[in-house]
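Listed after this line are the structures, all set down as structure tokens.
One chain, chain A, links the two complexes that follow: it is found with chain B in the first and with chain C in the second.
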Partner chain A sequence: MSALATLTRASLSKDLRLEWRSKDAINSMLFFALLVVVIFSFSFDPTAEESRRIAGGLVWVAFLFAAVVALNQTWARELRNQVLDAYRVSPAPANALFLAKALGNFIFVIVLEAFMTPLFIVFYNLRALGAAYQLLIVSALGTWALVVNGTFFAAMSLRTRSREIMLPLLLFPISIPALLATVEGTTAILTGDYSPKFWIVLLAAYNVVFTTACLLLFDKVLNAE
Partner chain B sequence: MNQSLHAAANPIIVIHDLVKQFGRFAALRGVSAEFVAGRLYAIVGENGAGKTTLLRSLAGLTQPTRGSISMLGTTDLRSVCRQLGYMAHPSLLYEEMGGMENLRYFARLYEIQDDERCARTISAVGLDPTLIRPVGQYSQGMRQRMSLARALIHDPKVLLLDEPFSNVDARSARQMTHLLTQLRDAGKTIFVVTHQASQLEHAADEFVHMEAGVIVRRTREWMTAEAP
Partner chain C sequence: MLRRAFPILGVLTAALLSYGLYEALIGAPIEQSMGEVQRIFYYHAPSAWTAFLLFTVNFVASVVYLIRRSIKADILALVTAEVGVVFCTVVLVTGPLWARPVWGIWWTWDIRLTSTLVLWLIYVSYLMLRRFSSSGQTPLMAAVLAVFGALDVPLVYFSIWFFRTQHPQPVIGGGGSIDPKMLQVALINWAAFLCFAGLVSWSRYRLELLQREVEETEALEALLDSGGAP
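Showing the complex of A and B:
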């Protein structure tokens, strides 16, 4: 277990260092999300009440599309110079690499959310009528649901010819329950009309199931020819 | 084929009827061979002869369609991966990181957390461990040496090197050959896939000639295809 943690930490710190130097994922995600916010704000002119009802959907669709941009780049670094082969011939467990990539993507998307949320608040004049702290829980669970599957399917589409198209095709259908729960949970907190508890539990259960499945299957994906 | 060359008493690697098919193309067509420890084998042949596929199969990166590979007494290559160093034609290095940073990361994969050892390995291949330039800015020769350092960091018993001399100047190639002979003399078994077999003329213990996915002959001396 400690070896898994050590290797996950080593791979994660390597990925963070590489991203810090290139800023490939963060820059493209931020730019993309910013465009979505601006386009949405020009397209709709909602009242404060309407904003609360639609903001959950808008925010998460923007984050989902922006995250796909980063997820597509997750494994690109490992393909350059076939670095992934160096990992495959080593005794390091495949799960350490998967966890590091998923955690890295989680951090990137959380950073994106931290930058974009204030903009959404300003553009849509948002104010939560429910317990605002619950937004943090929904956000963390929703983001993990997105990145854990995204990291897995990005690895799966690595060896396909059109992997950038393949990722959304694989990821979006399987993310529908998580996206629905995240949007509903966010809307519940923003409007204060109903409790987000059911959606939070659903997200937590979704995460447990899919994280376990990804960890169990990743070794096969990594070593597939 | 000279039987005396490969009828080894105590082989470290035994390949039996190895077939690797990519769709309808057979890259390896029933390769059978034995290799003993502490020798330097040069695997030579034309493009498409199956050299790289054989090396990748030995590294466990390619699963055979048929046949088996036994290394260090086991057919489970994953269980002996700590004893295996692999250097591919691409560098297998992160271009945005420095040499030392790369090696530190790859050492961790083998549970080695020893900066001194990383520095020693980089020095052993003739590079400066204090160089902070990213690997992407290295010359091709420096990249090849760094790649060799990565393959050596965990002190493996078996080294699999794919085209270590490609795009390397004559002096660097000579230095690499000298290093390989030192490693062989230290007891390592080394396989070098190369198109520049003449580089290993005086270093290799055996030349393994491949053609169309099979080993056609094994010789102690380097001889071209036209030679008798």
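Showing the complex of A and C:
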């Protein structure tokens, strides 16, 4: 267990340091999400009342698309110099690598959300009518739901032709319940019309189910010949 | 033996399908409130049952593949996914055709409609993965995706269940009451569809098996040729 933790931390800190120096993923995600926000903003031009109802959907569609940009880059740098092959022959547990990648992506997308949320508030004149602190819970759970499967499917699509397009094709259908829960939970909090509790429970269940599945099956995917 | 049985089974299936069609269009009584439109139900519901059964077989075959790495389980998974998507498409097309005159709308985000649509999307992505992935790892990736898809189904169901449902209660295992003759016609059609699906899956299975043998032989020959060259 401690070997897993040590390896995860080592791998995660390596990824974070690489990202801190290059800022490839964050920059591309931020600019992409900014473009989506601006385009949505003048496509709809909603009133404050309308925007509360549709903002949940818009925000998460923007984050989803931006997250795919980062997820596609996750494993690419490990292919150079056969890093992934070296990892495969080493005795390190595969799950340490997976957890480090998933946590790394989680941090990137959370940073993206922290930067983008003020912009959304400005462009759409948002003010939550429900309990705003619950947005933090919904965001954290929803983001993990996206990145845990996203990291897994990105590893799977490494072995396909045209892998950049393969990731969303695999990720989006499976993510539909998580997306629905995140969007509906956000809308519930923004409008204050009903309680987001059901959606939070659903997201938690989704995360438990798929995190377990990813950890159980990642070894097979990494070592597939 | 099996090859000789195929035409006989084909004729039997065709006869059963014709009988099912006759019963659906003429034999079954007219539904009181919906009228003739309701007859599409005899194609809609049996197709749905067949598709769900095929997807279940796909899931079981995928799990067997993950445990045993048997090629036959992989081919079975591929075949049931392909035929299942076809039946699922029939469900998704006949559903709106029925809903427009009866509900007044083509589509609604109802629990069974949406779950079926999501299931269809998952299996289309499954077939896309099989097509795009490089040959050696395809079976494993596909089996993993099938497991993820199966895990997703209850979550999809619960997430959409939270909205009020508009679909008529399922006739089997549900509270809805149905004329025994109607149920009988639906079951005849289901039997016909199952035979048809089984027959198509079988010939597709044989084809895929042969295809893989051919590919293997070709790869072997290429290897031998390159080995013989100076």
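By definition in this document, the second predicted complex is superposed on the first by the 225 of 225 C-alpha atoms of A that agree within 3 Å, B and C clash if a C-alpha of one lies under 4 Å from a C-alpha of the other, contacts with A are read in each partner's own complex, and residues count from 1 in each chain.
The working rule: contacts are C-beta pairs under 8 Å (C-beta built on N, C-alpha and C of every residue); 3 or more make two chains touch, one makes a residue touch a chain.
What you see is a predicted model, and the numbers here were worked out from it, not measured in a lab.
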item	value
First (chain B), second (chain C), both or neither touched by A:Pro91	first
First, second, both or neither for A:Ile176, with chain B first and chain C second	second
Touching partner for A:Arg77 - first (chain B), second (chain C), both, neither	first
Touched partner set for A:Glu50, first chain B, second chain C, both or neither	neither
Contacts of A:Phe198 with chain B and chain C, given as first, second, both or neither	second
Partner chain in contact with A:Leu18 - chain B first, chain C second, else both or neither	first
Contact residues of chain A, present in both the chain B and the chain C interface	225
Of all residues in chain B, those that touch chain A in their complex	59-63, 78, 81-82, 84, 86, 88, 90-97, 101, 105-106, 108-111, 150
Residues of chain A defined as touching chain B within the complex	3, 6-7, 10-11, 14, 17-18, 21-22, 77, 80-83, 85-92, 225
Chain C residues within the chain A interface of the complex	66, 118, 121-122, 124-125, 128-129, 132-134, 136-137, 140-141, 144-145, 147-149, 151-152, 155-156, 158-160, 162
Chain A residues within the chain C interface of the complex	149, 156, 159-162, 166, 169-170, 172-174, 176-178, 180-181, 184, 198-199, 202, 205-206, 209-210, 213, 217, 220-221, 224-225
